[in-house]
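Right, I'll just put the structure down here and ask away after.
Labels A, B, C and D are assigned to the chains in the order they are written; within every chain, residues are numbered from 1.
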Amino acid sequence: MAIRVTVWHEYRHEKKNPKVAEIYPQGMHEAIASYLRKCEGLTVRTATQDEPEHGLSEEVVNNTDVMIWWGHIAHREVNEAVVDRLYTRVLAGMGLVVLHSGHFSKIFQKLMGTSCNLKWRDTGERETLWVTRPGHPIVKDIDDHFVIEREEMYPEFFDIPEPECTFLISTFAGGEVFRSGCTWTRGLGKIAYFRPGHETFPTYHDPRVLKVIENATRWAQPTPGPGPLDFGKHDLGWVDKK
Amino acid sequence: MAIRVTVWHEYRHEKKNPKVAEIYPQGMHEAIASYLRKCEGLTVRTATQDEPEHGLSEEVVNNTDVMIWWGHIAHREVNEAVVDRLYTRVLAGMGLVVLHSGHFSKIFQKLMGTSCNLKWRDTGERETLWVTRPGHPIVKDIDDHFVIEREEMYPEFFDIPEPECTFLISTFAGGEVFRSGCTWTRGLGKIAYFRPGHETFPTYHDPRVLKVIENATRWAQPTPGPGPLDFGKHDLGWVDKK
Amino acid sequence: MAIRVTVWHEYRHEKKNPKVAEIYPQGMHEAIASYLRKCEGLTVRTATQDEPEHGLSEEVVNNTDVMIWWGHIAHREVNEAVVDRLYTRVLAGMGLVVLHSGHFSKIFQKLMGTSCNLKWRDTGERETLWVTRPGHPIVKDIDDHFVIEREEMYPEFFDIPEPECTFLISTFAGGEVFRSGCTWTRGLGKIAYFRPGHETFPTYHDPRVLKVIENATRWAQPTPGPGPLDFGKHDLGWVDKK
Amino acid sequence: MAIRVTVWHEYRHEKKNPKVAEIYPQGMHEAIASYLRKCEGLTVRTATQDEPEHGLSEEVVNNTDVMIWWGHIAHREVNEAVVDRLYTRVLAGMGLVVLHSGHFSKIFQKLMGTSCNLKWRDTGERETLWVTRPGHPIVKDIDDHFVIEREEMYPEFFDIPEPECTFLISTFAGGEVFRSGCTWTRGLGKIAYFRPGHETFPTYHDPRVLKVIENATRWAQPTPGPGPLDFGKHDLGWVDKK
């Protein structure tokens, strides 16, 4: 059974900044989605912020197994009802792969329980990503490290809960470090954060970056099962239920 | 330097239910606070929901090192601005000790990133709490297990993130289990959840329960340090800053 | 590509105790292996302690993706060279599923870094296992809890490192609790511990128990990849290597 | 009550290499111990590998609350009986602070359950250490990062179990990263690893490095309590014991 993937994108930079539009003529979401469409066992759609309900109707969300998320300048404009819909769906098992500046999205903050804040420097410098959990499915087919020649820099401290697994750590030409690949579980849902992807660099054309996104998507897929959890008054002890 | 503790209590059951008032004539918060006041190195105040700003003005919150929290029937009435104040303060280092039905409080949900939901059965049954991390400061002076003769029952699944440490697990007469003592870190703040304390039982007169609360308070105190974190644009690499 | 599974068994009780032989005429390993052989995508062999090299030649170990382990009265007789072989192979990615009294095996102790000790009571009492991480692949198709009518009892404290995930917690008729389903990572290898399976009870004929073992086997399989890690002197910085 | 600290050192390089002897005329252990002796609430002794029983008699080990460990070229010469003594004592609550090349010591490997292997480059390059868990007691009074001008380089992958907390991550002039400050719990004992300290550089004269070692020592002290754990046959259910 195919994994149903929705690549969600804010899709504002491309419309305003010719430099970004040149790198991503169809938008960053299409760069990612067109790669994923070629991967076996994935069914891929896209959704963007300026569509009705941000393209995330109940129907779309309820039929998404893994959501990929990129946002930046319009986080505050994302509707609370949609955030709640995503949140409920993650707790019920939907995987979530948060990219780059998506660290400051409402949905990621709400799931982490922290500010998810950080510092940054946008001069386009070399980023080297080191694998710190070889054997993890998210770094399948990735060498012990890889270099992205030009990226925005994020340094620690990154205000996230201690990750369940840190699979990549970056360093930058300026001498900073950052936990660039991290995982958590919330309810039945698996969440991965993956750092690279500033809009003014061709990061989502990089085959290693795309491979990590593909791997994260496969890793985050829900375990098939009985559906949402049951809470509430629990009248009977186990003796009576059997 | 003394740890500045605020014991926060919803304080509604005692006013409506004579059975609760009989057990806690001054309220559950006073049962806990009067114990803590006798402990060395703690400065203790209380605050309750029906005070202005729930007794949690900026001045009170900013001068609290560890907050103890009990709420139940009025979670939804807690003001969002106060929740945000507490949240910001926990991320800046304030400890938080959440008791019993406080699992469903806005502040705990916001810090956990999950529903914190569970089931329950309120028939007053035997609870046995087993220590699963001996040597942890929160179970100092606690035997390998202890029994509370009558308590409300909470069974798993408890929808929390995987704890950083699970220090107590309960079982109940009906045959259920529950992760009754758990810790997490959020920002600079330490958070503990401790299960017992239904309002119709004299749990907060139990010396073992009070001891765990005291221990959790000491464990959750902030590390003295430079204060709130600095985020934002980060112009210079380390070379330039030194 | 099929997962290559080796079910390893001490296989002593069956030969000495007619009661055990009656429950497991071909040995506990065969009860487990015959179930797994019917599962899609698994290639299953068995190995037992009294075979040469305990049935764990280099050839067998190097061609095993997931090892299932049951031992009890002869842990001390397991050859150190074989333990080292298993250890090296786990760090290189082989999954390990440790069952019941296997908690005290040399290989589990060596991988955990703790005594893995516990207490026990062998009166054949009711065990109830509660799912504490719904959505985890190891509890796929398992209800929120299940009951085994007669089992040996293990109570906390179980001297293990804090699990990366605790997916099952048991309670017993006598009122004890135990972390019955836990996972860890060591090197590239995934490790699961699953408690039930005392030799004098028909636990490995129980379809829920067998399902958890099957699920754990699938979960523990290695990520296909480049093979053993490379350590040693590292002469060149990244600049020179690219 | 003072924390009883033993600073253990291999103490071989200083005797063979004049360059090391010049930096540490009394040995690295004395550089660390003389700092710690000035810290309030610590009672400090030293022990070295070439003393009888490596200076770690039962009497010494049983009266040590926190052990600090530096070894490098003679790991394989450390007596197994002494390793077992340390191991048992850590599980019973003794703290352990492992420094630099101590990563490859028998005691650290035995407690971690992994190879603890890594790569290295010894050209004396700039190391920058970034705080990734501000508010943790081990980084008390440490700025958001600090630079050591000349150190040996260790790059990831470092073969350790996922840390319970990663409090420092380093980057090096050559563009590598390393998890330089990590914690784990084993039994009742707390363990910290702290990376810097190659013998040919004056790292243990650096006040930030010494501060981290002091903080780690305080953090790793045992919780006062009832002593070693009790395991074995457990005849009675809780009902009978009360």
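Please note the rule applied: contacts are C-beta pairs under 8 Å (C-beta built on N, C-alpha and C of every residue); 3 or more make two chains touch, one makes a residue touch a chain.
Small disclaimer: the values here were computed from a predicted structure and weren't measured.
*Asks:* Name the chain whose C-alpha centroid is most distant from the C-alpha centroid of chain C.
*Replies:* Farthest from chain C by mean C-alpha position: B.
*Asks:* Copies chain C and chain D touch; is their interface built from the same residue numbers (over half shared) or different ones?
*Replies:* Interface between chain C and chain D is built from largely the same residues.
*Asks:* Per the centroid of Cα atoms for each chain, what is the distance between chain B and chain C, given in Å?
*Replies:* Chain centroid spacing, chain B to chain C, equals 36 Å.
*Asks:* I'd like the Å distance between the centres of chain A and chain B, where a centre is the mean of that chain's Cα atoms.
*Replies:* Centres of chain A and chain B (C-alpha means) sit 32 Å apart.
*Asks:* Name the residues of chain C that each touch 2 or more other chains.
*Replies:* As it turns out, chain C has residues touching two or more other chains at 128, 133-134, 144-145, 155, 157, 162, 164-165, 175-176, 185, 187, 229-230, 238.
*Asks:* Once bound in the complex, which stretches of chain D touch chain A?
*Replies:* 126, 128, 130-134, 144-145, 155-158, 162, 164-166, 169-171, 175-177, 179
*Asks:* Can you list the chain B residues touching chain A in their complex?
*Replies:* Going through chain B, the ones touching chain A are 91, 110-115, 117-121, 153, 155, 157, 159, 161-162, 164, 172-176, 184-187, 229-239.
*Asks:* Using the touch definition up top, name the residues of chain C that touch chain A in the complex.
*Replies:* Contacts found on chain C: 93, 128, 133-137, 140-141, 144-145, 147, 164-165, 185, 187-189, 222-225, 229-230, 238, 242.
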